[in-house]
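Before anything else, here is the set of structures, which you'll find just below.
Across the two complexes that follow, chain A remains constant while its partner is chain B and subsequently chain C.
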Partner chain A sequence: MIVYILCFVLFLVGLYGVITRRNLVKIVISLSIMEFSIFIFLALIGYIDGGIAPIITGQDINPTYVDPLPQAMVLTAIVIGLATTAMLMAIAIRLYRKYGTFDIREIKNLKG
Partner chain B sequence: MNSLIPLFIIIPLATAFIIPVIGKLTNYFAKTITPVMLLILCFFSISLLFCSKQESYIVGGWQPVDDIPIGIYLVLDGFSKLILCIISIIGFLVAFYSISYISKYTSENNFYALFCLMIAGMNGVVLSGDLFNMFVFLEISVIASYALVAFGVGKNELEASFKYQVLGNIASFLILFSIALLYWQTKTLNIADISDVLQTHDDSVFLTFTQILLITGFGLKAAIIPFHAWLPDAHSSAPSPVSAMLSGVLIKAIGVYVLIRLFFNMFEFTYEIAVVITVLGTLSMIIGSVLAINQWDIKRLLAYSSISQIGYIILGFGIGMMVLSKGGKEGVAVLAISGSLFHMVNHSVFKGLLFLNAGAIEYRTNTRDMNQLGGLAENMPITSTSSLGASMSISGIPPFNGFFSKLIIIIAAVQAKFYLLAFLAVMVSIITLAYFLKFQKSVFYGKNKNFRDIKEVPFTMSFSMIILVILCLGLSVLAIPSVREVVFDQAVNSLINLDEYLNLVIKY
Partner chain C sequence: MEVTLSILLGFMIIGAIFALHAKDLLSAVIAAGIVGYSLVICFLLLKAPDLAIVQVVVETITLIIMVAVVLDSTREELKVKIDTQQIFNISLAFIFMLALIFFFVQATDMLNPFGQHSLRMASAYVGETAAKTGSANLVTGVLFDFRGYDTLGEATILFTAAIGVLTILRIKGKK
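For the complex of A and B:
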């Protein structure tokens, strides 16, 4: 149970970072932390104690396999995460070129 | 397996990849292929809407083992047909409008490629019968929309896009988290199969936690009120055709649609959840309209009014859910839900039109500030007339479609004895009328201060606006009960009768 709680704590650490940090790059890093806490959770739910990799050879006696589906999901989600992080960093760098700073207190044209 | 459903995903996805390749050789390729592709999808989806065939398609032909579905399913039922129709029709008109509008930006090919990618993602979300696959398509469409919001690469566009991305990513994480929780408990990802497993499952604490996570996640995507912060910025900063697409279609296809699909077809909703959804809908309806009154930027006003109208849609579904979970009359629930679906169609038509009007004004005058505009009715007759039609429709003036859908929702509220909700819906409609009168007066009437010698927009832009204003009037036909039944009954049935959706996928 403790690993699940630690995993949720990691999620909250990321959320705390998104809310309190004022630097665009640090916000992106915090978002990545949140993302990876969920990936760890996905990998955890597929884990079975004493399980081996699900490659059926027919030679194991009473085999216990780990669940392969969450692993496939994590791989897909990592690819999506790559795209979102790249998009976020691209916009952050464009913002830096326009404003000359990464500080979100300086970047506030839109309000109301 | 002769099903044609996967074409809804394959055609736009293939177009999105062909455009950057062939588009380099000739300038006209992207401009031609996108509207043509969407026109084909338009005819295809309309023909599907009027035939009663409902089907499911197994991707890759992975047949079920022991009646347990193992592959990815694409499911076409009444509700998804309706949303597919909205996506293709509004998508076609917006793509046609973009031909002139986007020519003032550089790298038009990228715009059309991203646009097709967004359409492919939305079609995928609507058709998918598998939770994780739905998440993947949802990410495809929102990543394309992040890029489209920042398309102008000005200060405002970038800031809005960053804000949108941070909130959108948090929403995606919450959705992924709840998918993981559901998989943990049920060991399956298929929506119909999960619903089958959950019927024998009695861990209500876990279920409530997952439902709250899902409401938060999809509420962020649909911009229901406590989660709305990104919408006014993103929708007002994006190029106008993109705003029309985001406001008219995207928040419905990936927010409201999925929320409703999951709560009707996957969970057996409790009365508490129905109350939560109704309260969220009522709050967005009221607060969105109150915030809209004080806006002087045209597109910001329209964005806040989107929040308010999404509130109406959620309210209608909420009333239906409350009546159903209390075991009330099914007729009232059907009325509320079909009113909501009707308002969903109407909202995408008139809000798309209003954003296109705002784009036409910006195209000629380069400003969105209502204080500087005025008296444009003489110079831009088509824009002025069509936006008058859309404004009357959104604020509920009788011959237009908005009146009938709001009326149906209000009648359902009265029949279900929620008099307060009915009263609030009428009041919000009056507030809506107030801020759209302000919009009309300060943009099209009054004294023309700065823009005396501007012309009407080119044909490609006015064509889309004319078609949409005709649709605004024409869709009132759906208020006639017998016509309404033809269009909406399939959708309402597939939502209310859980077994119908289950049989479509699992096939006992």
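For the complex of A and C:
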């Protein structure tokens, strides 16, 4: 149970960062921290005590595999996380070149 | 097992908190790398080698992108004074946290304790993957055969993101 709670705390740290930080780079970092906490949570749910990695080797007699379904889902989510992070960083560097700052208060007046 | 994972997760939380409060943006990015690479070790402990491999590659690329952005712009963190807006934001964050803690407590009643997961949907996959898809790796079998359209969508998203990044970073913009 303690691992689920720690996971949730990690998610809350990311949420706190997204809401309170004013630097674009730190907001992106906080978003990726939230993503990581979700990944580890899904991997934790699929774990079975005494299970082995879900790869059929043919040498184990009557094996117990950990759940492959959350792992497949997380694999997709990790790659999409990379895509969103790259996109956000591109927007951040573009805004920096235009406004000369990462401060979101300075960038608020977006007028064409 | 649970103790090892708890220590690693505590390490990740410390890294995350440091990343949010660092004065230097470069050290913030490196501290975010602590979180990502600890995640790799967690995946290995949780018997998910495929996830660990993908996470190593993705985390390295993310770090390279972030370091490149920070080196290309500025390393200094903004000087934030505590004003009413900041106090409002912090209290808003705590309200959100309280609401999420409420839902978390509700949701954990439905979860099995750690390590006692029961295969429901995946039991069919575990039994049939080798015969139906010919893949020895169950994750690959699920990802590329049973849920192939998911992977197609994922590839579409990657392609869209690449086009988006290229469009945003165009040298010439319209006036």
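Operating definition for what follows: the second predicted complex is superposed on the first by the 105 of 112 C-alpha atoms of A that agree within 3 Å, B and C clash if a C-alpha of one lies under 4 Å from a C-alpha of the other, contacts with A are read in each partner's own complex, and residues count from 1 in each chain.
Note that in this section a contact is a pair of C-beta atoms (placed from the backbone, for glycine too) under 8 Å apart; a residue touches a chain by one contact, two chains touch by 3 or more.
The shown structure was predicted, so the numbers you read here are calculated from the model rather than taken from an experiment.
**Q** Which partner does A:76 reach: the first (chain B), the second (chain C), both, or neither?
**A** Both partners.
**Q** Would you check which partner chain A:99 touches, where first means chain B only, second means chain C only, and both and neither mean what they say?
**A** first
**Q** Please indicate which partner A:84 is in contact with in the superposed arrangement: first for chain B, second for chain C, both, or neither.
**A** So A:84 meets both chain B and chain C here.
**Q** Does chain B (first) or chain C (second) touch A:26, or do both, or does neither?
**A** second
**Q** Could you look at A:36 and tell me whether it touches chain B, chain C, both or neither (first, second, both, neither)?
**A** second
**Q** Which chain makes contact with more of the residues of chain A, chain B or else chain C?
**A** Larger number of chain A residues touched: C.
**Q** If we overlay the two complexes on their shared chain A, which of chain B and chain C does A:49 touch? Say first, second, both or neither.
**A** The answer is second: A:49 touches chain C but not chain B.
**Q** Would you tell me the residues on chain A in contact with chain B in one complex that are also in contact with chain C in the other?
**A** Correct list for chain A: 11, 15, 45, 67, 69, 76, 80, 83-84, 87, 91-92, 94.
**Q** Which chain B residues qualify as touching chain A in the complex?
**A** The contact residues of chain B facing chain A are 132, 136, 139, 143, 146-147, 150, 153-156, 158-163, 165-166, 169-170, 172-173, 176-177, 180, 183-184, 187, 189, 232-233, 236-237, 294-295, 297, 300.
**Q** Give every residue of chain A touching chain B within the complex, in rising order.
**A** Its residues touching chain B are 11, 15, 18, 24, 27, 31, 34-35, 38, 41-42, 45, 67, 69-70, 73, 76-77, 80, 83-84, 87-88, 91-92, 94-95, 98-99, 107-110, 112.
**Q** Contact residues on chain A for chain C in the complex?
**A** Residues 1-4, 6-17, 19-23, 25-26, 28-30, 32-33, 36, 39-40, 43-49, 51-57, 65-69, 71-72, 74-76, 78-87, 89-94, 96, 101-103 of chain A touch chain C in their complex.
**Q** Okay, in this complex, where on chain C does chain A touch?
**A** Within the complex, chain C contacts chain A at residues 1-2, 5-6, 9-10, 12-13, 16-17, 19-20, 25, 28-29, 32, 35-36, 39, 42-43, 46-51, 54-55, 58, 61-62, 65-66, 69-70, 72-74, 77-78, 80, 86, 89-90, 92-93, 96-97, 100-101, 104, 108, 111, 113-117, 119, 121-122, 125-126, 129-130, 136-139, 141-143, 147, 150-151, 154, 157-158, 160-162, 164-165, 168-169.
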